[in-house]
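Below is a structure I'd like to ask you about.
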Amino acid sequence: MNEVLSWISVHEQYIYIVVLMIFLGIEVIGRVPSVLHTPLMSGANAIHGVVIIGAIIVMGKAESDNYIALILGFLAVILGTLNVVGGFVVTDRMLEMFKSKNKAQKANSRKLSN
Amino acid sequence: MNEVLSWISVHEQYIYIVVLMIFLGIEVIGRVPSVLHTPLMSGANAIHGVVIIGAIIVMGKAESDNYIALILGFLAVILGTLNVVGGFVVTDRMLEMFKSKNKAQKANSRKLSN
Amino acid sequence: MELNILTICYLIGSVTFILGLKMLSNPATARRGNLIAATGMTIAILGTIFLYKDDEGKSLHNYGWIFGGIVIGGIVGVLAAKKVKMTAMPEMVSLFNGMGGACAALISIVEFNHLTENFATNGWQVLTGENLFSHLLTIYAGAFIGCVSFAGSIIAWGKLNGSFKDLTFKGQHILNLIVFFLIICLIILLLTPLFADNYNFFYLIPLLSLVYGVLFVLPIGGADMPVVISLLNSFTGVAAACGGFLYNNQVMLTGGILVGAAGTLLTILMCKAMNRSLGNVLIGNFGGGNSAAAQGGSGGQYKEISVSDAAVAMGYARKVMIVPGYGLAVAQAQHACHELEKLLEEKDVEVKYAIHPVAGRMPGHMNVLLAEADVSYDKLLEMEQANDDFKTTDVVLVLGANDVVNPAAKNDPSSPIYGMPILEVEDAKLVIINKRSMKPGYAGIENQLFFQPKTSMLFGDAKSVLQQLISEVKNL
Amino acid sequence: MELNILTICYLIGSVTFILGLKMLSNPATARRGNLIAATGMTIAILGTIFLYKDDEGKSLHNYGWIFGGIVIGGIVGVLAAKKVKMTAMPEMVSLFNGMGGACAALISIVEFNHLTENFATNGWQVLTGENLFSHLLTIYAGAFIGCVSFAGSIIAWGKLNGSFKDLTFKGQHILNLIVFFLIICLIILLLTPLFADNYNFFYLIPLLSLVYGVLFVLPIGGADMPVVISLLNSFTGVAAACGGFLYNNQVMLTGGILVGAAGTLLTILMCKAMNRSLGNVLIGNFGGGNSAAAQGGSGGQYKEISVSDAAVAMGYARKVMIVPGYGLAVAQAQHACHELEKLLEEKDVEVKYAIHPVAGRMPGHMNVLLAEADVSYDKLLEMEQANDDFKTTDVVLVLGANDVVNPAAKNDPSSPIYGMPILEVEDAKLVIINKRSMKPGYAGIENQLFFQPKTSMLFGDAKSVLQQLISEVKNL
């Protein structure tokens, strides 16, 4: 118990960042229309590809005789890149489909506000 | 320049907390209806009364022969308490006025959803 | 151990502030949100008092003074908050806001004293390099922002309750800029080479900041005070955050920044609701002074209606809509208004109120006012709803409202209020307008509505006119 | 110096992620939001490669491997993302998500290896106390969550493209619980007393986690995969955040947590849009298996319509509304549908599409499908708008939709879809329903609409029926 408490205290700022981030994650997508669920999921998917930074660090720190680290790290870099690049490109393609839609919507709302 | 950079680096987590908090502050009240502007302002006013914690620390650390610190600290505690207590009570009173309104609204929305 | 629990108290505090503010922005949860934030605040304060330890591991002392201060502040705060009249709420908020600003400034001053004493006895080694830099910066920023907020709030409070008049003179904005610039220079000057001989210059910062606060608010029209208070509110938030930085205290930091950000957005939202920009409000060239008022009265022919004719028109209507505005609030005529409403309902006339979001001088003004007179909520229609209903309304009674029914907002792109949504009273069969004269309202512009064939003017103070109407309706 | 710049890169990264996600949730800014997040990601990645220094101040090496990996991953990623068919998007997302999960798991494994080597050579003093505890915990959590996400995503991908069938057996949920419990026990066991002889038990964590991931997704109906993918997406976010904690890396931490939180909420929103609870989806007792299908066919009398009669009805109508559904997507009949629309428009028939938000098997499915066939956006009506328009519609053509037009959602409180908003096609004069049989749709429940006097059934595969309709309309 005591240990947990002091752990919390030591990592106070981390915990703040985590808690605030959770709030932000929830707030930010609060009112998404359901047609955007799939692109939003896909965009979020690309963002967690940030894990690739960990893979780069692993790879970049591996000693050149540590074959396990090298191979696993290399694999991790490839997989991470796939996640990032594929994620953003796929999202962009999906959103392209909605493009005409936005234009039409804007035109509509302009009509309404006049 | 270099100093500013290293200052940023040293206070990285602080800066994160500040930036995230700014986002949250903006997100959280994004869609407030204008009748609630006054109570919201008043509620926010009460929240920044948290500055009283600083006053308590000042007061509590002042040596008993340091009259300036004691007097200013005492004043700060009084003013801070005024801000906190007055702020929350005034907000509550304002919101009391809207109470019947909420009930009616809820009843309305219930009617609509059936 | 205690410090660890304190950390958790602070975390709880921060989370409740976020949750509270979130709930405050939704009518259904607002009151609960306020309570939640207050609970979190209590936890954070009690935690600090009993669990705080400074860097050397010492607990706080001077408990007598601390509790004394809290008790005094608490009692005064509760009494003031309970006794204030509903319509004087913004004044009260302004005053409380000023207290917070002053508190932040005092903290900075005490900490600066503390620092200089330390310097005097221990020399430079107490704090060096980066640490000193940010320490000093937060002290100065806290003193600056806190004092501006304090002085500005007091002026705003005075303007709202009529103690101070608007003061505009030539070169005012330039003077403001000069003072601001002086303060910034002083801060930069005092940032790095701090020696015993320039200590005392520090006290110029709070002093000049007080002056700046006064100058900043003085030229702004009294009617714009809610916006100014909201802005000063967010200033105080930032000042509180400085304190958080100073003491490495997360709950002060997060609470302060949260209010700083939310307050700034709220200020902008308030301006938007009145179709103004923040810059426009702060420069103060519209509203308040009613400088454009002179142009009034040249709009054409208007017709008057007598009280008894008005009473007949309303007494035999099927549906009457009342549009309350700022004039109703200054005349304190809400109770008379409610009485008229009940009387008409007894005569089987359907009576509703059309509430414009920025009618009056603070957001929600009309709701608060009518709630005070026990008008039931079902009778209050929001703008959109009311605009649908006007089409089926026989008589609209406009009580001391002007800008919120001005068709220029719809028709005249050159009007300063163009684009603001308004109550479209012209859709009704007959419009009766009560005000004291043909003078314009807050925006200082003329209202073509008064000259339209459907419209009749009923001059007089809102309260006395309502009382006359009541006795006439009784006699029908 | 470099590290300081890196900090700023990471800050930019975090901010763009938040902004990007915010903009992604609004149709007007979504595409720009995606671009902004991608830019921030690029900055963070390039910053890491060139500016990162470890605790001892050493830069990264093995640049060849790093760039090699990035180039390979990048090329494959772009090609895969560009080549995939629009309707196979969720599969693709699932696959990419699995890659991210695997990446997180691999990082954990390598770091664990690193740690054990350190132990072997330097003994316990490398990391002690609290630090060791949280270090180990994040490694284990990263391995666990990453592997579950990887295995689950692969299964979800396989289900969506038809490689795996739903697999349900008795005691499945209990088995899942046991495996989950085993993993947790293992983690607790390995947390404190770590010695050379129990190192190898660690590898059981990723192994069991893979098994758990497979077991977790297997029983869930194929049609529910979008929801599952969204959930696994948020898991991967948490796994990435573990990496951030491990390396004290704020951009990984914030990015991961952001996705973790937003993904969880998104999952819940998706379930809500289908009027289900997340628990209901995960237990998998509805959808997929169509277990309730047997009850179908006993609802009463229905009447059929011939293709030529349907063509006449539509060809001479003033206004035709097409309701596309899942059946249109499986039949890949969007192009035929667009052709029919053009043909009818040439005959001066007004044609619109009524788009239900959860028609099909992924949110936005119908929009994507019809956009692919170049149907202009003006023709797509959202649900509310369509429901207003049905009243003035002569013929509604329902193409492979079922649940989204089921009146039970409005009338029958005992129905599993009760409360879901539907397209109220009964308001139109004539309803023609195309499907292959009387079998129910996704929710596995019967549709009373089929038995109503206004309704006529037009059996057959959507594509072939549309082609027949086209030739009939041409001959009119």
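Letters A, B, C and D name the chains as they come in the text, with residue numbers starting at 1 for each one.
Quick note on the criterion: a residue touches a chain if its C-beta (ideal position, glycine included) is under 8 Å from a C-beta of that chain, and two chains touch if they have at least 3 such contacts.
On a predicted model such as this, the values are computed, not experimentally measured, just so you know.
Note on interfaces B-D and A-D: more C-beta pairs are in contact across A-D. Chain centres were defined as the mean of their Cα atoms; on that basis the chain farthest from chain C turns out to be D. Centroids built from CA atoms put chain D at 39 Å from chain B. Chain D has its Cα centroid 46 Å from the Cα centroid of chain C.
Centres computed as Cα averages put chain A at a distance of 31 Å from chain B. If you average the Cα atoms of chain A and of chain D, the two centres end up 15 Å apart.
Among the residues of chain D, those in touch with two or more other chains are 18, 22, 250, 254.
Under the contact definition stated at the top, the residues of chain B that touch 2 or more other chains are 6, 13-14, 16-17, 20-21, 23-24, 27-28.
Of all residues in chain A, only 13-14, 16-17, 20-21, 23-24, 27-28 touch chain B in the complex they form. The part of chain D that touches chain A in the complex is made up of residues 13, 17-18, 20-22, 24-28, 30-31, 33-35, 37-38, 41, 44-45, 48-49, 52, 54, 58-63, 65-66, 68-70, 72-74, 76-78, 80-82, 84, 86, 89-90, 92-93, 95-97, 99-100, 102-104, 106-107, 109-111, 113-114, 130, 133-134, 226, 229-230, 233-234, 236-237, 239-241, 243-247, 249-266, 269-270, 273, 357-358, 362-365, 367-368, 371-372, 376-378, 380. Against chain D, in their complex, chain A makes its touches with residues 3, 6-7, 10-11, 14, 17-18, 21-26, 28-62, 64, 68-70, 72-106. Residue ranges on chain D touching chain B, taken from their complex, read 1, 3-5, 7-8, 11, 14-15, 18, 22, 250, 254. On chain B, the positions that touch chain D within their shared complex are 2, 5-6, 8-9, 12-13, 15-16, 19-20, 23, 27.
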